[in-house]
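In the two complexes below, subunit A is the common chain; its partner is subunit B in one and subunit C in the other.
And now, the complex of A and B:
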């Protein structure tokens, strides 16, 4: 078992991204495919903080999937993807991957890292939301952080259940009924050491339950962390018009269509990546009008100043929003 | 306190002369790491960690400073993962930059580090403090000329929660440890009104795993004194006055340039801030006519508050006079 590090891990942003080969595909649970990716010639892949995404090129779009490892530089990345028949096609692309296929990914992106000063980490996962929590649990176990994981899933559909039991031991509490999960969570949130941080990823009702229960119990907002994996949680919003300051164009944005999608449909190229308001790629400068911020990327002062908008999820409070395009 | 001098020619050829114009103001002057910058005398910047002819002497100096004052290496308990992350990021980087002289090898859980330049070797188990007396930052600091600060990211801010800094330009790691990024920069004039520090912090907080940037900063130092930290002020403070009338002024006054790298560490999410200090005496700087003219112009034009903060007020007139005479 000798490995020689002769080159630094490639920068996550190396030009053209990471070229990877599918080294394994397996069923993690009904409808959930785990894909293992390696460098074609072997070698270590860039390290990442727990809860990071790998941004995968899926045909004509790029989707962000949670990496499930502990984040140490390692020869492989793993993602687990739930097939969403009504989704944008990313999950179908992943499910069609075969061993030996080549894929392109951008380096890991971190937006859900553990807080280093936390005295205890309370991890909460629902369904496929387990993927970032698997990463958190593995890293917490490796570095000796105090943690426990509440995991709710449908009967027989618990992806990574056995690995989690292995990693967590008695720190894993798994539930096959929502009511049982919520009862236990409610009790857990009411009885944590001071300095505990809670992290949740799962369906919108679970995230809302954790956020509302924690708020009701007096948890400081800084200690509650939610990873949203579905933009479908957002309401369709009111229609408005995007005015393009430089080109002079006007782009109507109907309810249910994102500003980003409307701009793209109008032939305006905007860099984008996660399309869920987390990655920061599609930031646009606002020159007039008040944005309706719905992203998780800009800071509160940036939201307040109103001079930038993440166009994949955010909209407009006014009938018109003028952009520096 | 003087270290062995590398040859003048090498020092001038690799010196990161920081001025692109005849005036200097603070800015968020970051650029991607590893880009070679040609200068009037040579070039710099193709690497993150730079080993030069003063390597062994500067590492020995750091050892002495740490022995006298262990607070130069300060680490809050929650920075444990970040410290290991810095070590396990930068030792491979060093080995990749100097493959003939250094290597890092894994044998099971244990990693073996060998450095032929200073004839040292050691082994440790990452994450296991018992395997590495002194801890990862001390080992790192014994292998690189750069000072290291590790910034934790939480609550919408960066926090200078760990570091090993023996070559500070009139500041103190032991004093700053645990401060927010904005607080660390509190004494710097102008940058707060201009939003420079806030923009820099926003930029740093957005760095993604593995991203690497750099910037330069500069001041001046009397004599080749790398350890001009706040703790040793009684040793060097008065030299700033005494040098003014010293005929040896052009040999004693140095332009001090810091090449600062900003790396987002992958495992811990910490921002690793590397500070590499280069000192060039005015007499050697003046061998490059373009540098001589430009530095004189920058010094002469520098607003008083900035000159004061950098500690140049007492001698900058004398420095400008010498640079512009002859």
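And now, the complex of A and C:
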């Protein structure tokens, strides 16, 4: 799965930055390109928890792409990217890569790891959302964890179907019709052993179906894990003032301008990446005032406590929000 | 240990209601006071929701085995409610979370906290005692004098003990 990010390109020297070479490109399915990346001089790449993503510098953007391996340290990273002609250009950049090209990446970053205490893992993938699930399935198979994968895709467009059949055996249930997938998922969610966790990545309607069906069947939110594409389109919001507790500054945030953008314009450096309330990079500590949370990163209890704000999307309920800056 | 940082549970005075989101409910009560709570919960479970309900004297191998078998049969959507003395409720919760049950699926009421189990990290035995935190008890496993520390393990359902005179010259 992809998240399109609009931050400046990573410098190759950035901490955790990786200079990589394209070692292979192949078509995983119509419109889906699998790219294999290696260190220019060879050697192992950092290990990662299953479900992690690699942040790739794609021209003037940075995009996060799920790594599809089992997470063990290996000489290659693989990503699979769906070409989105109407997107922001990240997928076109990846699709134009040729063997031998150099790319800059940061990460891997983990935001969708399997729960170590789960008794059973129910994996749900829709379309290109299969990429983190391939990672989960490989790791689960490697470590002997109990799991099952439900995979819905368009007829003939199932990326990684053959590999998944190999990895999962009878634990793979593939569907070429949405109705068949949803019926089977509804039945599965109604009858899972205690201790099961469900993970879903795919189109918004699939994610909503899993979350709503699970909630209706008494699944606590802690058992339901969704890898989101991006936050929903957000309204411009009300203007407010950010008060900087430590430096004593006051930064006005007009409607339509994010708190992050206003801070940057005022010369306050805040680490950021996705700018969509997903990645967790731009978290700021709130010392007074009530944040208006619009991110997908903080948990409901963290939202309720009001002592942190993801400044790329969230705003303020009060006229002033005091930050630990 | 400062009161702000202790992991000794502070049990709410309020009695929790049956979670209306549960598709099946298991009620387990220890002793007479626990039984009264269980009876009230049982009456509050929605009519069509399956209920598993047991009143036992204490959390021992038999009653904890009974609970473990119930968790093994349960499907996600199941809820657990525990009532009784802290020592029994902690032991039952320990079994449940060890089998993958989440805090969000467990509701508890403690009817008394006189008894506790103390874990000995030296021999890994557990001693049941009526001693308060900061008192000393002999370990039932290895005989060491254990200082009862203000730390409770959710996983073990026991207080931590440690050798009271570990740093004295023998």
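In this text, the second predicted complex is superposed on the first by the 232 of 325 C-alpha atoms of A that agree within 3 Å, B and C clash if a C-alpha of one lies under 4 Å from a C-alpha of the other, contacts with A are read in each partner's own complex, and residues count from 1 in each chain.
Following the convention adopted for this analysis, a residue touches a chain if its C-beta (ideal position, glycine included) is under 8 Å from a C-beta of that chain, and two chains touch if they have at least 3 such contacts.
Keep in mind that this is a model prediction, so the values were computed, not measured.
S.K.: So, A:250: does it touch subunit B (first), subunit C (second), both, or neither?
M.R.: neither
S.K.: So, does A:280 touch the first partner subunit B, the second partner subunit C, both, or neither?
M.R.: First partner only, subunit B.
S.K.: With the two structures laid over each other on chain A, which partner does A:222 touch: subunit B (first), subunit C (second), both, or neither?
M.R.: In the superposed model, A:222 contacts both subunit B and subunit C.
S.K.: For A:154, is the partner it touches subunit B (first), subunit C (second), both, or none of the two (neither)?
M.R.: Neither partner.
S.K.: Which of the two partners, first being subunit B and second being subunit C, lies in contact with A:193: first, second, both, or neither?
M.R.: In the superposed model, A:193 contacts subunit C only, not subunit B.
S.K.: Subunit B or subunit C: which reaches more residues on subunit A?
M.R.: B
S.K.: Is A:290 touching the first partner subunit B, the second partner subunit C, both, or neither of them?
M.R.: neither
S.K.: Considering only touches as defined above, state whether A:117 meets subunit B (first), subunit C (second), both or neither.
M.R.: both
S.K.: Report, in rising order, the residues of subunit A that make contact with subunit B in one complex and with subunit C in the other.
M.R.: 117, 222
S.K.: For subunit A, which residues count as touching subunit B in their complex?
M.R.: Residues in contact with subunit B: 1-13, 46-49, 52, 71-73, 107-110, 113, 115-117, 139, 142-143, 222, 280, 299-300.
S.K.: Can you check the complex and tell me which residues of subunit A touch subunit C?
M.R.: 117-119, 189-196, 215, 217-223
S.K.: Quick one: which bits of subunit B touch subunit A in the complex? Just the residue numbers, please.
M.R.: Touch list, subunit B to subunit A: 78-82, 85, 88-89, 92-93, 95-96, 99, 103-108, 127, 152-156, 202, 206, 208-212, 265-270.
S.K.: For a test of understanding, state which residues of subunit C touch subunit A in their complex under the given definition.
M.R.: 21-23, 71-72, 74-79, 99-105
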